[in-house]
Structure formats: C-alpha cells, structure tokens
Amino acid sequence: MDLATIIGILSGLGLIASSILMNGDFGIFVSVPSMMIVGGGTIAAILIAYPLKEALGVMRIGMKVFMSTKQNYMGLIQELAQIASIAKQQGVLALEAEAKKSKNPLIQQGLMMISDGFPRTTVVKILTSQITTMQNRHRAGREIFAEMGKYAPAFGMVGTLIGLVQMLAGLNDPSSIGPKMAVALITTFYGALLANLLFNPMATKLKRRSETETLEMRLIIEALLSIQDGENPKIMVDKLKVFLDRQLKAMVEKKMFKSPVPARKAA
Amino acid sequence: MDLATIIGILSGLGLIASSILMNGDFGIFVSVPSMMIVGGGTIAAILIAYPLKEALGVMRIGMKVFMSTKQNYMGLIQELAQIASIAKQQGVLALEAEAKKSKNPLIQQGLMMISDGFPRTTVVKILTSQITTMQNRHRAGREIFAEMGKYAPAFGMVGTLIGLVQMLAGLNDPSSIGPKMAVALITTFYGALLANLLFNPMATKLKRRSETETLEMRLIIEALLSIQDGENPKIMVDKLKVFLDRQLKAMVEKKMFKSPVPARKAA
Amino acid sequence: MDLATIIGILSGLGLIASSILMNGDFGIFVSVPSMMIVGGGTIAAILIAYPLKEALGVMRIGMKVFMSTKQNYMGLIQELAQIASIAKQQGVLALEAEAKKSKNPLIQQGLMMISDGFPRTTVVKILTSQITTMQNRHRAGREIFAEMGKYAPAFGMVGTLIGLVQMLAGLNDPSSIGPKMAVALITTFYGALLANLLFNPMATKLKRRSETETLEMRLIIEALLSIQDGENPKIMVDKLKVFLDRQLKAMVEKKMFKSPVPARKAA
Amino acid sequence: MDLATIIGILSGLGLIASSILMNGDFGIFVSVPSMMIVGGGTIAAILIAYPLKEALGVMRIGMKVFMSTKQNYMGLIQELAQIASIAKQQGVLALEAEAKKSKNPLIQQGLMMISDGFPRTTVVKILTSQITTMQNRHRAGREIFAEMGKYAPAFGMVGTLIGLVQMLAGLNDPSSIGPKMAVALITTFYGALLANLLFNPMATKLKRRSETETLEMRLIIEALLSIQDGENPKIMVDKLKVFLDRQLKAMVEKKMFKSPVPARKAA
Amino acid sequence: MDLATIIGILSGLGLIASSILMNGDFGIFVSVPSMMIVGGGTIAAILIAYPLKEALGVMRIGMKVFMSTKQNYMGLIQELAQIASIAKQQGVLALEAEAKKSKNPLIQQGLMMISDGFPRTTVVKILTSQITTMQNRHRAGREIFAEMGKYAPAFGMVGTLIGLVQMLAGLNDPSSIGPKMAVALITTFYGALLANLLFNPMATKLKRRSETETLEMRLIIEALLSIQDGENPKIMVDKLKVFLDRQLKAMVEKKMFKSPVPARKAA
C-alpha cells in the first residue's frame, strides 16, 4: 500500500467534510444530477478520446497509485555485481544460467542476448526500446488521468450553466433563487474536487512512478553493457552509483565494503 | 465502427439531456441565434485559419474517429517473417513478387526498393520520410479539431456578451432580466459542450490513431531493413516484438511457436 | 485572393451582426471609447513589444493572409527533372544557363553554386540557412498576430474594468446601472471578437503558409543535391514524391508518365 | 532612444486616460492602497523569486527597452571582409593588429585566438559559448519581466479580494456598496494595466533584442571561422549574406559592388 | 541567510497587512475553516501526487530558499588553475593528493578518476551524469513547490464554492448574505496569497539555484577535462572565463594577473 496516497485522499476528504459540517449539514452537497454530469461527462469524453481498451484500463492503472513499489537499488546493484564477477570468472556463456535465476525480465532478456553473442549495438537498441515501450505505456495511462483532470472541471461548468439557465428562465419566485443557484454551483464544486484531489495528483504520481522505473531500467542496461564489455565489476559499481542520490550512495558504499561481494575482490 | 466513440458521444449527450429533463423541459435550451454564433463563428475562424482544402477536409477526418481500425500486429509480423525467409532462401530479387502480393503500401514500396538494389541509407531515408509525411498530414487534421475546441468556447463567450449587453441596455422591465440572461448563457453552454464532448476528445483520439499508425510503420521499416541486411528471420521477429506491449508479446510468442512459419526453421 | 479567409471573415461578421439584429438594433454595440481602448491599447503594446520596423510591417504581413499562394508542385518537379536531365547530359557547367532561366530564387542560387563547383557541405549549409532565415522572418510576423490575439482581450478587460469602476463609483441613479454596464461589457466583446475572428486565425494561417513554403524549399534543396550528386533523374523524382501527400503523388505519377520529360528517358 | 517603446507607452497611457476622462474625472482611479498591493506585492514576489543582485538589476535591464540599438550589418560585413582580405594577403599573424583596431569584443577575442593559432574546434567552442552566456544573461533579465507580468494581475486580484471581503463584511449601508466595489476593482485594473502595457511587452522586446544580438554574433563567428579557414573573402561575404533578410541583402550587394573592398578584388 | 527572500516575504506580508488595516480591522481575514481547506487540501494533493519521502522533504527544500549560497567563482578558478599547473609539473599521479585536499566532491571524484587513468569518455560520462542527477533531484523539489502554487488557488476556489453553496442554500436572512460571502471569499484570498507570495516565487528561486549550481559544475568539468588533456593552464583559464558574466570576468582577469598563480608562468 502506498501510504501517502491513502493518507492524502482520506485527509483531503476529511478536511473538506469537516469544514462543510462546521457551517451546516452535509445534505445540500449531495446532488445526483450534478454527479451524473461531472462523472458521466468525464467518462464520456474519455471514451471518445481514447481507444476502448485503454479507457477501460484506467481503473487498473489507477489502482497502481495505491500500491507501493519499493525500490531496492542496493539489492539490484549487488545482484548485478555478482553477475558481473561470474561473467568475469566463468565467461559470458555462464550468463544463461544467471538469466534463469534472475526475477527481473530486463536482466533476463539482456543476459540471454549477451550469452547468445548478440552485437553490442543490437543489445543497446533492443534494451533501450524496452524503456521507450514502457514509457509510452505509462504515458498513455498517465495522460488519461491528466485529461480527466481537465474534463471534470469543464463538465462541472457545463452542469452549473444548465442549473443557472433553468433558474434564470423560471425567475418567478425570488425566494427560490438562492437554493437553485446553490444546486447549480455544486456541479462546479464536484468538478474542482475530483480534478484537484484525485485526477491531477494521481497523474503526477504516475509520472513519478514512471521516472523511477526508467531510472532502474537505465541502471540495469548500464550494468549489462558493462558486463558485455568485460569491465571490472568495481568500475561497474562506480558507474551505477552515479544513478543514485546522495543518501543511497552512502548506503551502497557502506554495504559494498562490508559485504563479501566478489566484485570487490576482483578489483 | 469505433464503439467507444459512439458510446461516449451518445452517453454524454444522454446524461446532459436527462439531467436537464430532471429539472424542467428541453425547450429553453434550444436557441437558434446561439447556435449560429457558436457554430458559425467556429467555422468562420477555421476558414480564416486554414487553407480551404484542409478546412473542408475536416468532416472526412472527423469521420475517422467513428471508424475502428484494428491493429493486426500478429498478422503483420507473420507476413514480414514469411517475406524474410523467402528473401533468405530465394534472394533479394524474389522480393519484387512479394511486393505485388502485399496489401500494405509501405511494404510494397520498401520491397521494390530493396529488390531494385537501392542503398540502405536511401531506403531508410525514403521510408522514414513516409512516416514524417503521414504524421504531418495527421497533425494538420488533428490541429483543426484542437483549434475548434478553443474557438467554440470563445464564440460561446462572444454570444453571451452580446446577450448580456442587449439585456443590460434595455433594463426597463425587471421581470425580463432572468429569461434574457438564461438565453445569453445558453451560448456559453453550447460552446462548452461542443468543445468538451466533441472537438477536444476527437483531437485526442486522432492523436492516438496517429501514434498507433506510426508504431506500425516503424515496425515495418525495422523489418524491411532487417530483410535488406539479410538478418536471420528469428532475430528479426525478436526485434519486432520489442514494439509490442506485454499482452501482445505473449500472444505473438505463442502463435509463432505453433504456426509453421518458415522463419522458425530458418533460425 | 485567398477565398477561405474572405469567406471566413465576412461570414463570421455577418453571423454576429445578424444575431445582434435579431434581438435589437446595432447602435448599442458601437462605442468609440471602447474601440479606442481595445484597438489603441493593442497597438500600443505591440509598439512596445516589437521594433518599430516590424510593428509597422504588420499590415503588409496581414495582407498575405488575404492573398492566395497556389503550390504548383507538379510544375516544380517537372522543372527540376528537366534541369536534372540537362545536368546529366551536358554537365554541371550548363546549369548556369538554367539558373538564369528559373524564376525561383532558391533554384537560381543553388544552381549557381553547383556550377561554380562549391563543395556539397557548403551548398547544403547555405541553402538550409535560407530556410531558417525564411522561417525566422515568418515566425516574427506570425508572433505579432498571436500577441495581438492576447492583448486585444486583455485591453478588452481593462476597458470593462474602467467602465465598471465609473459605474460603481457613481451609483446614485439605479436606473443607469444597466446601460452603463452594457457599455462596459462592449469593450470585452470587442476584444474577444478581434482575437477570435481576426488575430488568432490569421496567426494560424500564417503558420500554415510558412510550413508549406518550408516544404517547397526542402523539396528544391533535395532536388539540387540530387543534381549535384549526379543522381539519375528518375530516382530524384522518386525521392521528391515522398514530400507530397497522397492525392498529389497520384497526379505527379500520371503526369510524369504522359509528359515527355527527359528524366524518363534518361532513367 | 527606442522611439517605438516611447510612443507605445505614451499613446497607451494617453488612450486609457482620455477614455477615462470622457466619462468622468480621474480621481476615482487613484488609490494608494491598491498601488501598494500591486506594486509592492509584485516587487516582493520578485525579491523572493530571484537573487538580490538580479532583482536589483531589473531597472537597468528595463532601461534597455527604451534605448535603441541600431544594427549596422553592412558596416559589420565590410569590416569583416576587410579583415578577411588582410588575413589572405598578410597572413594570420597580422590579425593581432586588426584585433586591437576592432571595437567589437567578439571580433577581438576571435582574432586573438586565430593569431595565437588556437585549433578550430577550440575557437568554435569558446566563441559559441559566448553566445550561450549572452543568451542566458538576457534570458534571466527577460524572465523577470515576464514573471512581473504574471504577478501584477495576481496581486491585482488579491487586492480586489481584500476590498470585496471588507465591503461584504460591513454590508450595513447599501449605498456604500458601489463606491467600495469600485475601489476594490481598481487594484485589478492596476494589475492588468501594468502587465499588458509594461511588463509583458517589455519582456517581448527584450527577447527580440536578444535574438538580434544572437544573429549578429553568429554572423561574426561564421566570418571568423571563414577567416581561419583561409576562405576566399568573396565566398565569406556570400555566406554572411544568408543571415540577412531580403531588404538588407539587396543593400549589402549594391554597396559591396560600389565600394572598393579588397574582398572583391581577391575574388 | 538569503536576504532577498526574507525581505520579499516580510515586505509582501507587511504591505498586504497594512493595506487591510487602512480600511478595517484584521479579524475578518482570519478564518480557521478556510485555512484548513487551502492548507490541508494542498498538503493532501501533494501527498497523493508525490512519494511520501519527497513530500516530507518539502520543508527541508523550502529552507534552502532562505539560505544564501555565495558563488566564489574566482576562488574556484584559482583552485583549478593551481591544480592544472601541479598536474603539468608533477604529472597526473600527483592529482590524488590534490583530490584529498579539495573540498568540492566533484573535483575530488574527477581528480581520482584522472589519476586512476580512466579513459576520457568515461570521465566525461560519469561527471556529466552527476550534473543530470543533481538537476533531477533539484527539479523534483522545485516541482513540488510549483504544484503547490497550482493546488493552493484551486482549493481556495473549492472553499469559496463550499461557502457560496451554504450561503445560497440558506438564503432566508438577507442581512447575512454579505458577511457569509466575505467568509467564502477569504478562502480564495488565502489560496492566491500562498501561491503568489510563497509557492510560485520559491519554485522560481529553486530553479535559479539549480542553474547556478549547474554552471559551476560544468565549469569544474571543463577544467578537469582540460587537466586530463594536459592543456596549458592559461588556455584552461581562458576557457573557464567564458562561463562567467562580464563583471566577474573583469574581476577574474585582474586577480589572475596580480596573483602569482603558476598558470601564468607556465603560459
């Protein structure tokens, strides 16, 4: 579970709810037609804008925001250092066995290609296309949320316009103006809330997720190329550390010195 | 038929209509001058902004959004693998016959150039310019919809301003204020609806269509170059799979193993 | 005459005018101070934002939107194919005479450089800088219209604010509120109309014009380099056709086969 | 003096002032608290957003918009042609004396490096970094004006909100509503006027200035490299003319033919 | 302490406060529910949008805006010139000792790699990835502030909508309209103030900080490569000066001539 997402949504809704309850009851903020216009209009626009398969995949992508993905860079670098020293000691052909042991599909694919003797440029090309393919898949999902963040307030305004027109057209009873305008404004309120408490922040988090995954894949590719070039595992680890931020770098450095990774001996 | 587009537009209009009918009748939302200003103004702006030929082509491009284009990547990869193994067995000259059999104009053109012995760089240049030309053609069409998505609300506001000025200038009968303002606001309502339920989502779908077509063309070019280079069909299929997303990749893999594609034997 | 521009502006103004006349007379929409603020303010902002020479050149650039420029790609390709076959038959030195015959300054300059024996890289550099220079000149002109499309509504709002402040400051006669607010809103109406029916669409059309001209210049440069390389005129025509869209391509193909262009024989 | 800037600001203010005076007196548009909020708030935001040195440098950069900088491309090309023919006749070492004669720091630096025998790539790198450094310096200054163009209307709205809250909180005297709202709106008016008649146009003009200076520097670098390569001065002038627009090009051509520039003889 | 930031925030708040006090007391501008919605909503959105670690790091990053970082380019160039002349006189191996003396981690890392005999391309790659890593870290922090600058006004509007709906729904007491609308508008006021006096300017300052740090790192890398290439220290200083702006350049020139830097002798 991604705790930040859960806390954010619950605390946001809680704050809005409690500030509503401070000045009155909740009932006036519930309006079925308003929900229909904002929710339904946004969904309709997304169905027109995106292929059916992608539009239906929104729920699944949205769930990702609630699930935590912990980056274990240290473990990853240790695994890669281990593989590098095995390649150094037992030759490139030994990598096929390593490929089967690894759980990361990118490491698997890369090691298979290296042990199959693919030329370096082909390895680079195929592995980096994997990053592009992944980024495109993520971008498509993220864009749907960003679009929903635009359509929700737009249909909020559409609903408010409908309410205002209906109120103004039948302006015979002055005492009904207030409540009718209140109902009209609720649609705008729904749109603003959905966009700013759900769709826009979720689009941002999906973007960060994609960046993190890109970084990890770039780190792996860097390591695989280093292995194919037969580079010293120590130099490889030095290169990989560049990808990490300061705190992680210090941790990796400490761990690497203590742990009897073959990479250190080979240096 | 692109089901998503149809469902989206019908459900969107249905939701708006039913939420209007919940609180009154439909009549007050029909205004001919408002339609004239929003529709006519948007068309006028597009006529000024784009060459006549492109502006008139909008309808035809718009129809594309309603038509479904199913990507048959598996069939495409099988066709290309077949061609690759024929080139491997019978030589490059045999490709002229294959070019005539293919229904895809890009495959035709590419095979003709390969069998004519064009140098690799020329083949790359001409084929990739085909992508650029296609993208430019699509972009031009898409941009018109995006522009209409900007002009519709703008002329909605223009119409509302006209209504407000007329109402305010003749403010002698207070009881007429409401209905007149209602009429003025309908133009803004039309503009918002057209932009958010038609023009903007259609521009997005056209963009996705272009991306899909680009991917398919890039896949074909990759395959053609692989054929020209005389690469092993198995390696070619491996390269092409990189373009596909996960689900498709699994399907291609299964199919390829079962089907007696010559590419597998040649490997 | 660019018919689309004329039709667009006339029909746009006609629609606005007729929808105004449906509900009242035209008089209330004429306000000299409002025109002064929107028109004068926009001109003032442009004078501050751009060098005097460019600001004064706006009228001349604006006229371009009303003039039609028909692309005659077929004629252009025929001319270039003719030149290519002459170069093939009579040698590069014969191009000086061809340079003088051509009416296109880019063809002239290119042929002169080729017959003068300039190295290929120099020819490429000088000719492509011509594209960049042309694009920069166009961009500068187009940007002024885009800026006017931003300043017109902004000064529309400034004028409305002035009107509102004056009305609110002297609120002793309630019956004068309506007419005064009407006058205040007219400035916003002017700004919105100028931006959406003139400045913004004109900026877009100028952009399309620039793209078309760029395409034509790139086609010419491609042909000139092909001539300098002594390529077969038939291959050259094949390369040039890539630049054209589908309809044109079919036309060029038909024409080329029928017309006794030397390029076909030389192939 | 940049006449366009002066005319623009004076005519803009004059138009606003006269359209105010047409409908009342000027007094109601003067409000010290509104000025404090818009002016002070904008300055405060800039102080937070930029290093103190840059924020204080705004006045000096702003003055540049009022000063005219006439480009003398013809003189520049003549000077460079002269230097080129001297280099051709007397050798590269003679350029040290020319460097001292020139008033342009970029020409000085370039000639010094050429006469010192710096390799071509170093000359290119150092001179083009001068362009980047200049552009960064300009961009920083220009961005401050663009930011002020955003903060001024934002603080205008803040001031109007303050006024509205104060008015609404003490709504016991209905007759005071109008004048108080008028005062509240003046802050928005100030913000809009500052942004659209000062900050935004000034940011644009600074951008154009930077582009012109970049063009001039690129022209000089092109010439210096031509000199270092020992190219014919005539070819150099041909290359430089590409940078100029049509009108200037015709002028340069005429002048060059008449004036006894050594470059013509050497050709 | 970054004086500009402090002065900016204090003067901004002071101006707003004093302009409020001119027309009434401060009490009506304090509203706990409004603070809850704007502050809480913004924090909630950030928690959803960013990983917990980054969201919590905002305070620490925000503090950086208040701390001054003085660039000492002169000292840096002197240090690098010193190192360059030592490398020239004592060979590359002497750089390990220099690496230990330096306080700058980038200089340390670079000198270690040079003395270890890493190939040039590896040195370039690792050092420039340090810039990219630093920029990404900064960008992540800066983006959070820019996002807060968008969410604060959005939740300001949400709060105002809540207030308006509550007011309009219970419109039985006309005299309560004013005060209730005042309270509703305060939320918008809070949002606008937070965005324009805190979040947006802070995001800009963080961006400038990042640019300055990038410049410094690029200067160091330029110097280290010059050292690795065994370039003359004088030429190195010439190259480095290009990075500085005019004022600094004059200062460096003067200092360098007076100070007995070995680089001058070696020239």
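Each chain carries a letter (A, B, C, D and E) given by its place in the written order, and its residues are counted from 1.
Criterion: contacts are C-beta pairs under 8 Å (C-beta built on N, C-alpha and C of every residue); 3 or more make two chains touch, one makes a residue touch a chain.
Since this is a predicted model, take the numbers as computed values, not measurements.
Peer 1: Take the average of all CA coordinates in subunit B, do the same for subunit D, and state the distance between these two points in whole angstrom.
Peer 2: Between these chains, centre-to-centre, one finds 41 Å.
Peer 1: Which whole number of Å gives the spacing of the CA centres of subunit A and subunit B?
Peer 2: Roughly 26 Å, centre to centre.
Peer 1: Scan subunit D for residues touching two or more other chains and write them down.
Peer 2: Residues of subunit D never touch two or more of the other chains.
Peer 1: Considering only which chains touch which, how would you classify the arrangement: line, ring, star, complete or other?
Peer 2: Ring.
Peer 1: From the touch relation defined up front, give the order of chains around the ring, starting at subunit D and going on to subunit E.
Peer 2: The cyclic sequence of chains is D, E, A, B, C, beginning at subunit D and stepping to subunit E.
Peer 1: Report the residues of subunit D in contact with subunit E in the complex, numbered from low to high.
Peer 2: 33-34, 36-37, 40-41, 43-52, 54-55, 118, 122, 125-126, 129-130, 133, 136-137, 140, 147, 151, 154-155, 157-159, 161-171
Peer 1: Applying the document's contact rule, which stretches of subunit B touch subunit A when the two form their complex?
Peer 2: Residues 2-5, 7-9, 11-12, 15-16, 18-20, 22-24, 28-29, 65, 175, 177-179, 181-182, 185-186, 188-189, 192-193, 195-198, 200-202, 204-205, 208, 211, 235, 238-239, 242-245 of subunit B touch subunit A in their complex.
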